[in-house]
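Labels A, B, C, D, E and F are assigned to the chains in the order they are written; within every chain, residues are numbered from 1.
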Amino acid sequence: MPYVNIKVTEEGVTAGQKAELIKGVTELLAKVLGKNPATTVVVIDEVHTDNWGIGGETVTVRRQRGQ
Amino acid sequence: MPYVNIKVTEEGVTAGQKAELIKGVTELLAKVLGKNPATTVVVIDEVHTDNWGIGGETVTVRRQRGQ
Amino acid sequence: MPYVNIKVTEEGVTAGQKAELIKGVTELLAKVLGKNPATTVVVIDEVHTDNWGIGGETVTVRRQRGQ
Amino acid sequence: MPYVNIKVTEEGVTAGQKAELIKGVTELLAKVLGKNPATTVVVIDEVHTDNWGIGGETVTVRRQRGQ
Amino acid sequence: MPYVNIKVTEEGVTAGQKAELIKGVTELLAKVLGKNPATTVVVIDEVHTDNWGIGGETVTVRRQRGQ
Amino acid sequence: MPYVNIKVTEEGVTAGQKAELIKGVTELLAKVLGKNPATTVVVIDEVHTDNWGIGGETVTVRRQRGQ
(Lines give C-alpha, C1' and ligand atoms only; values in the text may rest on other atoms or scores of the structure.)
Protein backbone atom coordinates (compact mmCIF):
# COMPACT_ATOMS: atom_id res chain seq x y z
CA MET A 1 0.00 0.00 0.00
CA PRO A 2 2.92 2.44 0.14
CA TYR A 3 3.11 5.32 -2.31
CA VAL A 4 6.50 6.51 -3.51
CA ASN A 5 7.21 9.55 -5.66
CA ILE A 6 10.64 9.92 -7.23
CA LYS A 7 11.54 13.26 -8.83
CA VAL A 8 14.61 13.55 -11.03
CA THR A 9 15.74 15.96 -13.69
CA GLU A 10 14.63 15.14 -17.25
CA GLU A 11 17.95 14.12 -18.73
CA GLY A 12 17.47 10.99 -20.79
CA VAL A 13 16.24 8.48 -18.22
CA THR A 14 15.45 5.31 -20.19
CA ALA A 15 12.38 3.07 -19.83
CA GLY A 16 14.73 0.35 -18.57
CA GLN A 17 16.12 2.60 -15.84
CA LYS A 18 12.60 3.57 -14.77
CA ALA A 19 11.63 -0.10 -14.55
CA GLU A 20 14.73 -0.74 -12.43
CA LEU A 21 13.88 2.12 -10.05
CA ILE A 22 10.30 0.85 -9.67
CA LYS A 23 11.45 -2.73 -9.03
CA GLY A 24 14.17 -1.63 -6.59
CA VAL A 25 12.06 0.64 -4.43
CA THR A 26 9.20 -1.88 -4.31
CA GLU A 27 11.61 -4.61 -3.14
CA LEU A 28 13.12 -2.23 -0.56
CA LEU A 29 9.71 -1.58 1.01
CA ALA A 30 8.95 -5.30 1.07
CA LYS A 31 12.31 -6.08 2.70
CA VAL A 32 12.41 -3.27 5.29
CA LEU A 33 8.73 -2.96 6.22
CA GLY A 34 7.15 -6.16 4.90
CA LYS A 35 4.92 -4.17 2.52
CA ASN A 36 2.99 -6.08 -0.14
CA PRO A 37 4.54 -5.39 -3.60
CA ALA A 38 1.14 -5.92 -5.28
CA THR A 39 -0.20 -2.65 -3.86
CA THR A 40 3.00 -0.60 -3.78
CA VAL A 41 2.66 2.37 -6.14
CA VAL A 42 5.68 4.24 -7.53
CA VAL A 43 5.39 7.41 -9.61
CA ILE A 44 8.44 8.93 -11.32
CA ASP A 45 8.39 12.62 -12.27
CA GLU A 46 10.96 13.93 -14.74
CA VAL A 47 11.46 17.65 -14.31
CA HIS A 48 12.94 20.02 -16.94
CA THR A 49 16.30 21.42 -15.82
CA ASP A 50 14.85 24.97 -16.09
CA ASN A 51 12.27 23.98 -13.46
CA TRP A 52 14.65 22.44 -10.92
CA GLY A 53 16.57 24.71 -8.60
CA ILE A 54 19.34 24.02 -6.14
CA GLY A 55 21.67 26.51 -4.51
CA GLY A 56 19.36 29.31 -5.69
CA GLU A 57 19.87 28.67 -9.41
CA THR A 58 18.46 26.36 -12.07
CA VAL A 59 20.07 23.06 -13.02
CA THR A 60 20.25 24.40 -16.59
CA VAL A 61 22.68 27.09 -15.45
CA ARG A 62 24.68 24.59 -13.41
CA ARG A 63 24.96 22.20 -16.35
CA GLN A 64 26.27 25.07 -18.53
CA ARG A 65 29.06 25.52 -15.99
CA GLY A 66 29.76 21.79 -16.17
CA GLN A 67 28.23 20.90 -12.78
CA MET B 1 -9.52 26.20 0.66
CA PRO B 2 -8.79 22.49 0.20
CA TYR B 3 -6.15 21.34 -2.25
CA VAL B 4 -6.65 18.07 -4.11
CA ASN B 5 -4.15 16.35 -6.37
CA ILE B 6 -5.34 13.51 -8.61
CA LYS B 7 -2.72 11.38 -10.36
CA VAL B 8 -3.76 9.00 -13.14
CA THR B 9 -1.96 7.31 -15.98
CA GLU B 10 -1.78 9.29 -19.24
CA GLU B 11 -4.15 7.22 -21.34
CA GLY B 12 -6.46 9.54 -23.26
CA VAL B 13 -8.27 11.39 -20.47
CA THR B 14 -10.46 13.99 -22.22
CA ALA B 15 -10.94 17.63 -21.26
CA GLY B 16 -14.58 16.76 -20.47
CA GLN B 17 -13.55 13.99 -18.07
CA LYS B 18 -11.09 16.32 -16.35
CA ALA B 19 -13.85 18.92 -15.92
CA GLU B 20 -16.10 16.21 -14.45
CA LEU B 21 -13.42 15.12 -11.95
CA ILE B 22 -12.82 18.73 -10.87
CA LYS B 23 -16.54 19.40 -10.46
CA GLY B 24 -17.15 16.11 -8.62
CA VAL B 25 -14.36 16.40 -6.10
CA THR B 26 -15.17 20.07 -5.40
CA GLU B 27 -18.82 19.15 -4.70
CA LEU B 28 -17.73 16.24 -2.50
CA LEU B 29 -15.65 18.55 -0.29
CA ALA B 30 -18.54 21.03 -0.05
CA LYS B 31 -20.99 18.27 0.88
CA VAL B 32 -18.85 16.33 3.38
CA LEU B 33 -16.85 19.16 5.02
CA GLY B 34 -18.74 22.31 4.05
CA LYS B 35 -15.72 23.63 2.16
CA ASN B 36 -16.18 26.70 -0.06
CA PRO B 37 -16.01 25.65 -3.75
CA ALA B 38 -14.67 29.11 -4.72
CA THR B 39 -11.30 28.38 -3.07
CA THR B 40 -11.10 24.61 -3.65
CA VAL B 41 -8.13 23.86 -5.91
CA VAL B 42 -7.83 20.59 -7.87
CA VAL B 43 -4.74 19.64 -9.87
CA ILE B 44 -4.75 16.60 -12.18
CA ASP B 45 -1.43 14.98 -13.12
CA GLU B 46 -1.30 12.58 -16.05
CA VAL B 47 1.67 10.23 -15.74
CA HIS B 48 3.24 8.27 -18.62
CA THR B 49 2.72 4.52 -18.20
CA ASP B 50 6.53 4.03 -18.20
CA ASN B 51 6.67 6.26 -15.11
CA TRP B 52 3.94 4.54 -13.09
CA GLY B 53 4.77 1.38 -11.22
CA ILE B 54 2.59 -1.08 -9.34
CA GLY B 55 3.48 -4.58 -8.23
CA GLY B 56 7.13 -3.79 -8.95
CA GLU B 57 6.67 -3.24 -12.67
CA THR B 58 5.61 -0.44 -14.99
CA VAL B 59 2.05 -0.02 -16.23
CA THR B 60 3.48 -0.19 -19.78
CA VAL B 61 4.53 -3.79 -19.16
CA ARG B 62 1.18 -4.63 -17.54
CA ARG B 63 -0.76 -3.17 -20.47
CA GLN B 64 1.32 -5.32 -22.87
CA ARG B 65 0.12 -8.38 -20.95
CA GLY B 66 -3.47 -7.10 -21.22
CA GLN B 67 -3.79 -5.97 -17.59
CA MET C 1 -4.54 2.64 -9.82
CA PRO C 2 -5.12 6.37 -9.32
CA TYR C 3 -3.55 8.20 -6.40
CA VAL C 4 -5.42 11.06 -4.79
CA ASN C 5 -4.12 13.42 -2.13
CA ILE C 6 -6.59 15.64 -0.28
CA LYS C 7 -5.20 18.43 1.89
CA VAL C 8 -7.51 20.26 4.32
CA THR C 9 -6.96 22.34 7.43
CA GLU C 10 -6.87 20.41 10.69
CA GLU C 11 -10.15 21.54 12.19
CA GLY C 12 -11.95 18.55 13.66
CA VAL C 13 -12.46 16.32 10.63
CA THR C 14 -14.04 13.11 11.99
CA ALA C 15 -13.14 9.53 11.05
CA GLY C 16 -16.62 9.25 9.50
CA GLN C 17 -16.04 12.28 7.28
CA LYS C 18 -12.67 10.91 6.18
CA ALA C 19 -14.31 7.59 5.27
CA GLU C 20 -16.94 9.49 3.28
CA LEU C 21 -14.28 11.45 1.35
CA ILE C 22 -12.37 8.26 0.54
CA LYS C 23 -15.52 6.45 -0.62
CA GLY C 24 -16.72 9.46 -2.64
CA VAL C 25 -13.51 10.14 -4.51
CA THR C 26 -12.96 6.43 -5.26
CA GLU C 27 -16.48 6.18 -6.71
CA LEU C 28 -15.94 9.36 -8.75
CA LEU C 29 -12.82 7.90 -10.39
CA ALA C 30 -14.66 4.65 -11.15
CA LYS C 31 -17.61 6.53 -12.65
CA VAL C 32 -15.69 9.12 -14.71
CA LEU C 33 -12.63 7.13 -15.82
CA GLY C 34 -13.60 3.49 -15.16
CA LYS C 35 -10.75 3.14 -12.63
CA ASN C 36 -10.69 0.02 -10.46
CA PRO C 37 -11.62 0.94 -6.85
CA ALA C 38 -9.49 -1.95 -5.51
CA THR C 39 -6.27 -0.15 -6.44
CA THR C 40 -7.38 3.48 -5.96
CA VAL C 41 -5.34 5.05 -3.16
CA VAL C 42 -6.51 8.16 -1.27
CA VAL C 43 -4.36 9.98 1.30
CA ILE C 44 -5.82 12.78 3.44
CA ASP C 45 -3.44 15.33 4.99
CA GLU C 46 -4.72 17.54 7.80
CA VAL C 47 -2.66 20.72 8.04
CA HIS C 48 -2.42 22.98 11.12
CA THR C 49 -4.00 26.39 10.47
CA ASP C 50 -0.62 28.05 11.25
CA ASN C 51 0.86 26.08 8.34
CA TRP C 52 -1.80 26.92 5.74
CA GLY C 53 -1.62 30.25 3.98
CA ILE C 54 -4.01 31.94 1.61
CA GLY C 55 -4.06 35.58 0.57
CA GLY C 56 -0.58 35.97 2.05
CA GLU C 57 -1.61 35.19 5.63
CA THR C 58 -2.20 32.10 7.77
CA VAL C 59 -5.63 30.53 8.25
CA THR C 60 -5.11 31.03 12.00
CA VAL C 61 -5.14 34.81 11.50
CA ARG C 62 -8.15 34.59 9.17
CA ARG C 63 -10.11 32.49 11.68
CA GLN C 64 -9.38 35.10 14.38
CA ARG C 65 -11.05 37.69 12.13
CA GLY C 66 -14.01 35.34 11.71
CA GLN C 67 -13.23 34.26 8.16
CA MET D 1 17.83 21.22 3.10
CA PRO D 2 14.31 22.54 2.50
CA TYR D 3 12.26 21.28 -0.42
CA VAL D 4 9.84 23.64 -2.12
CA ASN D 5 7.33 22.76 -4.83
CA ILE D 6 5.66 25.57 -6.77
CA LYS D 7 2.71 24.71 -8.99
CA VAL D 8 1.40 27.25 -11.50
CA THR D 9 -0.66 27.05 -14.65
CA GLU D 10 1.28 26.50 -17.89
CA GLU D 11 0.85 29.91 -19.45
CA GLY D 12 4.16 31.05 -20.88
CA VAL D 13 6.37 31.20 -17.81
CA THR D 14 9.84 32.09 -19.11
CA ALA D 15 13.15 30.52 -18.09
CA GLY D 16 14.07 33.90 -16.58
CA GLN D 17 10.95 33.98 -14.42
CA LYS D 18 11.61 30.44 -13.23
CA ALA D 19 15.17 31.42 -12.28
CA GLU D 20 13.79 34.42 -10.38
CA LEU D 21 11.30 32.25 -8.45
CA ILE D 22 14.04 29.76 -7.53
CA LYS D 23 16.39 32.54 -6.39
CA GLY D 24 13.66 34.34 -4.46
CA VAL D 25 12.32 31.37 -2.54
CA THR D 26 15.83 30.14 -1.71
CA GLU D 27 16.74 33.57 -0.31
CA LEU D 28 13.47 33.71 1.66
CA LEU D 29 14.26 30.41 3.41
CA ALA D 30 17.78 31.60 4.20
CA LYS D 31 16.49 34.89 5.60
CA VAL D 32 13.54 33.58 7.64
CA LEU D 33 14.86 30.21 8.85
CA GLY D 34 18.61 30.42 8.25
CA LYS D 35 18.48 27.52 5.79
CA ASN D 36 21.57 26.79 3.70
CA PRO D 37 20.93 27.82 0.06
CA ALA D 38 23.36 25.14 -1.18
CA THR D 39 20.96 22.34 -0.23
CA THR D 40 17.63 24.12 -0.82
CA VAL D 41 15.75 22.36 -3.61
CA VAL D 42 12.96 24.06 -5.59
CA VAL D 43 10.81 22.25 -8.16
CA ILE D 44 8.39 24.17 -10.40
CA ASP D 45 5.47 22.31 -11.98
CA GLU D 46 3.61 23.92 -14.86
CA VAL D 47 0.09 22.49 -15.15
CA HIS D 48 -2.10 22.63 -18.26
CA THR D 49 -5.16 24.86 -17.74
CA ASP D 50 -7.42 21.85 -18.49
CA ASN D 51 -5.86 20.08 -15.51
CA TRP D 52 -6.21 22.91 -12.97
CA GLY D 53 -9.54 23.43 -11.28
CA ILE D 54 -10.78 26.18 -9.01
CA GLY D 55 -14.36 26.95 -8.07
CA GLY D 56 -15.39 23.57 -9.49
CA GLU D 57 -14.33 24.35 -13.07
CA THR D 58 -11.16 24.27 -15.14
CA VAL D 59 -8.95 27.32 -15.64
CA THR D 60 -9.46 26.81 -19.41
CA VAL D 61 -13.16 27.59 -18.98
CA ARG D 62 -12.41 30.56 -16.72
CA ARG D 63 -9.92 32.01 -19.22
CA GLN D 64 -12.57 31.73 -21.96
CA ARG D 65 -14.83 33.93 -19.83
CA GLY D 66 -11.96 36.37 -19.39
CA GLN D 67 -11.16 35.49 -15.78
CA MET E 1 19.73 16.05 -6.58
CA PRO E 2 16.76 13.66 -6.71
CA TYR E 3 13.86 14.11 -4.32
CA VAL E 4 12.01 11.04 -3.07
CA ASN E 5 8.84 11.00 -0.98
CA ILE E 6 7.78 7.73 0.66
CA LYS E 7 4.30 7.55 2.18
CA VAL E 8 3.38 4.62 4.45
CA THR E 9 0.74 4.05 7.09
CA GLU E 10 1.67 5.09 10.62
CA GLU E 11 2.00 1.67 12.19
CA GLY E 12 5.13 1.58 14.31
CA VAL E 13 7.87 2.24 11.79
CA THR E 14 11.08 2.45 13.83
CA ALA E 15 13.89 5.01 13.47
CA GLY E 16 16.12 2.15 12.33
CA GLN E 17 13.72 1.15 9.56
CA LYS E 18 13.47 4.77 8.40
CA ALA E 19 17.27 4.99 8.25
CA GLU E 20 17.34 1.77 6.21
CA LEU E 21 14.76 3.11 3.73
CA ILE E 22 16.71 6.37 3.31
CA LYS E 23 19.99 4.53 2.78
CA GLY E 24 18.43 2.00 0.39
CA VAL E 25 16.66 4.47 -1.87
CA THR E 26 19.70 6.78 -2.00
CA GLU E 27 21.91 3.85 -3.05
CA LEU E 28 19.35 2.76 -5.65
CA LEU E 29 19.41 6.20 -7.31
CA ALA E 30 23.20 6.22 -7.31
CA LYS E 31 23.35 2.73 -8.83
CA VAL E 32 20.63 3.12 -11.50
CA LEU E 33 21.05 6.78 -12.51
CA GLY E 34 24.46 7.72 -11.14
CA LYS E 35 22.91 10.37 -8.86
CA ASN E 36 25.11 11.96 -6.20
CA PRO E 37 24.06 10.65 -2.73
CA ALA E 38 25.20 13.94 -1.10
CA THR E 39 22.29 15.86 -2.63
CA THR E 40 19.65 13.10 -2.70
CA VAL E 41 16.76 14.07 -0.41
CA VAL E 42 14.30 11.51 0.99
CA VAL E 43 11.20 12.47 2.99
CA ILE E 44 9.10 9.80 4.74
CA ASP E 45 5.47 10.59 5.59
CA GLU E 46 3.64 8.39 8.07
CA VAL E 47 -0.11 8.61 7.56
CA HIS E 48 -2.77 7.69 10.16
CA THR E 49 -4.78 4.62 9.07
CA ASP E 50 -7.97 6.74 9.24
CA ASN E 51 -6.46 9.01 6.58
CA TRP E 52 -5.35 6.31 4.13
CA GLY E 53 -7.92 4.81 1.81
CA ILE E 54 -7.72 1.91 -0.58
CA GLY E 55 -10.59 0.06 -2.25
CA GLY E 56 -12.91 2.90 -1.19
CA GLU E 57 -12.44 2.36 2.56
CA THR E 58 -9.96 3.37 5.26
CA VAL E 59 -7.06 1.17 6.31
CA THR E 60 -8.49 1.35 9.87
CA VAL E 61 -11.58 -0.53 8.71
CA ARG E 62 -9.47 -3.03 6.75
CA ARG E 63 -7.23 -3.72 9.75
CA GLN E 64 -10.34 -4.40 11.89
CA ARG E 65 -11.29 -7.11 9.40
CA GLY E 66 -7.77 -8.52 9.67
CA GLN E 67 -6.54 -7.31 6.29
CA MET F 1 -4.10 30.46 -8.07
CA PRO F 2 -0.60 29.05 -7.49
CA TYR F 3 -0.04 26.29 -4.95
CA VAL F 4 3.21 26.19 -3.02
CA ASN F 5 4.38 23.46 -0.67
CA ILE F 6 7.34 24.14 1.61
CA LYS F 7 8.90 21.20 3.46
CA VAL F 8 11.37 21.82 6.28
CA THR F 9 12.60 19.80 9.20
CA GLU F 10 10.57 20.08 12.42
CA GLU F 11 13.01 22.06 14.52
CA GLY F 12 11.13 24.80 16.33
CA VAL F 13 9.75 26.87 13.47
CA THR F 14 7.60 29.56 15.14
CA ALA F 15 4.13 30.73 14.06
CA GLY F 16 5.72 34.10 13.22
CA GLN F 17 8.29 32.51 10.92
CA LYS F 18 5.55 30.51 9.17
CA ALA F 19 3.55 33.70 8.63
CA GLU F 20 6.68 35.35 7.20
CA LEU F 21 7.28 32.46 4.78
CA ILE F 22 3.64 32.54 3.61
CA LYS F 23 3.72 36.31 3.11
CA GLY F 24 7.09 36.22 1.34
CA VAL F 25 6.31 33.48 -1.13
CA THR F 26 2.90 34.97 -1.95
CA GLU F 27 4.52 38.35 -2.67
CA LEU F 28 7.21 36.67 -4.79
CA LEU F 29 4.58 35.02 -7.02
CA ALA F 30 2.73 38.33 -7.39
CA LYS F 31 5.94 40.17 -8.28
CA VAL F 32 7.46 37.63 -10.69
CA LEU F 33 4.35 36.20 -12.37
CA GLY F 34 1.60 38.70 -11.51
CA LYS F 35 -0.34 36.03 -9.60
CA ASN F 36 -3.29 37.13 -7.48
CA PRO F 37 -2.38 36.86 -3.77
CA ALA F 38 -6.04 36.22 -2.85
CA THR F 39 -5.96 32.74 -4.39
CA THR F 40 -2.33 31.81 -3.74
CA VAL F 41 -2.20 28.81 -1.40
CA VAL F 42 0.89 27.93 0.65
CA VAL F 43 1.19 24.76 2.74
CA ILE F 44 4.13 24.23 5.11
CA ASP F 45 5.05 20.68 6.16
CA GLU F 46 7.32 20.17 9.15
CA VAL F 47 9.05 16.81 8.95
CA HIS F 48 10.61 14.95 11.91
CA THR F 49 14.40 14.73 11.58
CA ASP F 50 14.13 10.89 11.67
CA ASN F 51 11.97 11.11 8.53
CA TRP F 52 14.24 13.41 6.50
CA GLY F 53 17.22 11.93 4.73
CA ILE F 54 20.08 13.54 2.87
CA GLY F 55 23.35 11.97 1.83
CA GLY F 56 21.87 8.55 2.60
CA GLU F 57 21.34 9.20 6.32
CA THR F 58 18.75 10.86 8.55
CA VAL F 59 19.01 14.46 9.71
CA THR F 60 18.84 13.12 13.28
CA VAL F 61 22.17 11.37 12.77
CA ARG F 62 23.66 14.44 11.08
CA ARG F 63 22.56 16.70 13.93
CA GLN F 64 24.22 14.33 16.44
CA ARG F 65 27.49 14.85 14.55
CA GLY F 66 26.93 18.60 14.72
CA GLN F 67 25.98 19.06 11.06
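Operating definition for what follows: a contact is a pair of C-beta atoms (placed from the backbone, for glycine too) under 8 Å apart; a residue touches a chain by one contact, two chains touch by 3 or more.
A quick note: this is a predicted structure, and the numbers were derived from the prediction, not measured.
K.L.:
Counting only C-alpha atoms to place each centre, which chain is farthest from chain A?
P.N.:
C
K.L.:
With centres defined by CA atoms only, which chain is the most remote from chain D?
P.N.:
Centre of mass proxy via C-alpha means gives E as farthest from chain D.
K.L.:
Could you grab the centroid distance between chain C and chain E? Build each centroid from C-alpha atoms only and quote it in angstrom.
P.N.:
Chain C and chain E have C-alpha centres separated by 20 Å.
K.L.:
Can you work out the whole-Å distance between the CA centroids of chain B and chain C?
P.N.:
Chain centroid spacing, chain B to chain C, equals 14 Å.
K.L.:
Of all residues in chain F, which are in touch with two or more distinct other chains?
P.N.:
1, 3, 7, 21, 25, 39, 41, 43, 52, 54
K.L.:
Looking at which chains touch which, would you call it a line, ring, star, complete or other?
P.N.:
other
K.L.:
Please give all chain pairs that are in touch with each other.
P.N.:
By the stated definition, chains touch in these pairs: A-B, A-C, A-D, A-E, B-C, B-D, B-F, C-E, C-F, D-E, D-F, E-F.
K.L.:
Show me the residue ranges of chain B that touch chain F in the complex, using the header's touch definition.
P.N.:
Answer in residue numbers: 1, 3, 39, 41, 43.
K.L.:
Show me the residue ranges of chain B that touch chain A in the complex, using the header's touch definition.
P.N.:
7, 47, 50-58, 60-61
K.L.:
Where on chain E does chain F make contact in their complex?
P.N.:
Those in contact with chain F are residues 15, 18-19, 21-23, 25-27, 37-46.
K.L.:
Can you name the residues of chain C that touch chain B in the complex?
P.N.:
1-9, 13, 17, 20-21, 24-25, 28-29, 31-33, 35, 39, 52, 54, 59
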